[in-house]
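Structures given as structure tokens follow.
Here come two complexes built around chain A, the first alongside chain B, the second alongside chain C.
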Partner chain A sequence: MSSSWYPVASGDDLAPRHVFHTALGGQELALWRDDAGFANVWENRCPHRGVRLTIGANLGTELRCQYHGWRFSSGSGQCAAIPAHPGFTPSQGLKVKTYPCVERYGLVWTTLDESPEDIPDLGAAAWRSLRAIFVEAPLAAIAPHLPEQTGLALFLQPVSETRTVIHGLSGDMSFSPRQHDDALTRLRDRIESATP
Partner chain B sequence: MDQVALDEWHVVAALPSLPFGQEVATRLLGTDLALMRSPGDVVAAWPAASGKALPVCIRYGHVWTSLGTPARPLFDLPEFAEPDRRNVMAGSVPVHVSAPRAVENFLDLGHFAYVHDGYLGVEPHTEIKPYKVTSDENGVLATECRAYQPQASLIAEGGFEVEYVYRVPHPYCAILYKSSVLDEKRRDVIAIFVQPVEEERIVAHMLASVLDDVSSDDAIKNFQQLIFAQDKPILENQIPKRLPLHPRAEAWAPADAGSAAYRRWLSSRGVRYGTIPA
Partner chain C sequence: MISLSGSPLSRETYRIRLLFDLAGLAYETLDGAELRIEVEGERFEDAWRALSRLAPPDWQADGRWFAFARRLASSPTDTALFRELDQHLWFGEREGSPFLCGDHPTVADIGCFPEVMMSEQAGISRMPYPALRRWSDRVRRLPGFTVMPGIFTLPA
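Right, the complex of A and B next:
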């Protein structure tokens, strides 16, 4: 994986009080938006007993693990409460692993790297995100086949070694999202039938 | 292959689940086995590949075997023989997790109010008071464990503070003793015998040995299965599926003293199967 920002969701996927599951480069992620609108990109694993945070609850300012009710603060991922010990202040550093998050062009972007290249600059045009297309193929098998078309921007999320998501943005309002959807679906079918 | 795990007795079936005279396939430590029950409750077990007879014992309503040479007899559970107890083979549930993760969950007090909300715990009664943990070569013992339970058992009426004792006499088996509703001097016994099918796949066999002169066997089974059905999705969402034994692999709270002792005991006994050794 190159040192980049990758889109990992559409902003709309992070619905109020929801926890969204995805992955980047084999790393499972739990994405959730707090009530103030801030989007969190976290490792999908409670530091206590390893339970996926995507089966937990988005409480609006904290995410609560489903196993022991430990609560973790939006932004920092710091453990805010351990219900088994109500009087106890969790130590600094007892936190969920967090990743940087930027919302741009209607997509949620993150990076697993310390110093990634910038998110591509698409100018000031109005972009709307298309339906994300899951492809059962590695990123390298897809990249050469992406169409180049004015008013269409495509980005790849390498979910794992064998699975990729195509995130599309349409800046040409004369094209309906359905036309782009159809073209990307045909692209997926061609790539998957050529991938062993 | 882990010689320590090979040389243990392992559960492979609940006896009542085996038909007479019919070969039943199961799997233990990644090896395909065949079981055959004959009249008189004689059970034979052999690896599907070799046909060579394995040692078998039938205890606590379950069938146990070993792929190696058992270094010690199976642990004692004397309550099973008490004449006024109801011994119910309460279910055998496949779970996609390692055996030690399942045992650790069985020992865990802190999850009651969240995973078993309304039964074994409820908010705001979430505090876990200090309890005593000891261990020796024979296993781990946690005593003076207390939990407020809204529906501690099938015949409990209303919530009360229940006292628990937990015992881990085997790397993949755990037993809990909790205050009886009928007789305050005695305790109900619930045991989990975990069959390590593969490193990350198990069958959890449950035994209820309880003082209950009211409930049907089916009702006792249903209650245990209801509780375990709440645990199963938690177990299947733990990452990694194997239990990490390094003391700093996962975060700790004082309520986890029992699981800390269990992990140390697994390390000292040299159990590797289903774990990530320290």
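Right, the complex of A and C next:
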């Protein structure tokens, strides 16, 4: 994986009080937007027992783990409360691992690297995010097949060694989202049938 | 009066219970692991027939998505069905249809729900189906929603 920012969701994917599930380079992520609109990109793992946070609940300012109800604060990932110990203030080190998050062009970008290259500059055009297409194929099997089309920007999110998401942005409003969706779905089917 | 018996672990029983609880139909629960639905002495052998016959008018689904739910129940590991559902729901979110047949839930949503929620136990991750995950939040937040083992409620 190159040292880059990757789109891992569209802004619309992070619905109010929802916890979005994805992965980048094999690292599972839990994404959630707090009630003030801030988007969190977290490791999908409760620091208590390692349970996936994506089965937990977005409470608006905190995310609550489903397993023992530990709650973690938006922004810092700091543990805010442990129900089994009501009077106890969790230590500063007790937090979920967080990743940087930038929302641009309608997509949510993150990076696993310390010093990634910049997010691609798409200029000032208005972009509309398309439905992300999940492909059961490695990134290297998809990149050569991406169409070059004016008004269409495509980005690849390596989910794991064998799975990739295609994120599309349309700047050409004469194409409907369904037309783009049909074309990308056909592309997915072609790539998957050519992937052993 | 409606009476219902059936295994608490069965998806068929859960579907019927969900309809009764969500649509606010009063019923009594009888002991017994075998699915048995009786309404005023009439007994329903087929859970899908019971779903469509007992659903109040505003819970009736259009035929396409009711048939889809039956297909999903008989092929609960067919990922092509999960893809179809996810795509339908993604466009629905943009077109004022947060549920399968429009702006309110129907027996098509109830029909699909147990298989969707139990998919991870069957080895199918829901990660590739983000619109389906958001829909499952919406179903779990409906007034009257009830759980079965392995399915959690969500706070408002």
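Basically, the second predicted complex is superposed on the first by the 196 of 196 C-alpha atoms of A that agree within 3 Å, B and C clash if a C-alpha of one lies under 4 Å from a C-alpha of the other, contacts with A are read in each partner's own complex, and residues count from 1 in each chain.
Going forward, a residue touches a chain if its C-beta (ideal position, glycine included) is under 8 Å from a C-beta of that chain, and two chains touch if they have at least 3 such contacts.
Bear in mind the structure is a predicted one, so any value in this text is a computation, not a measurement.
In the superposed pair of complexes, A:Tyr67 makes contact with chain B only, with no contact to chain C. Touch criterion met: A:Arg49 reaches chain B, while chain C stays clear of it.
By the touch criterion stated above, A:Arg190 is placed in contact with neither chain B nor chain C. In the superposition on chain A, A:Leu94 makes contact with chain B only, while chain C stays out of contact range. After overlaying the two complexes on the shared chain, residue contacts for A:Pro86 are found with chain B alone; chain C is out of touch. Overlap of the chain B and chain C contact sets on chain A: residues 55, 66. Partner chain C is touched in their complex by these residues of chain A: 9, 12-13, 15, 17-18, 20-23, 55, 57, 59, 64, 66, 131-132, 134, 159, 163, 177-178, 181, 185.
Residues 87, 90-91, 93-94, 126-130, 133-134, 137, 152, 154-156 of chain C touch chain A in their complex. Contacts from chain A toward chain B in the complex involve residues 28, 44-45, 47-52, 55, 66-69, 79, 82-86, 88, 94.
Across the interface of their complex, chain A is touched by residues 108-111, 113-115, 123, 126-128, 233-234, 237-240, 250-255 of chain B.
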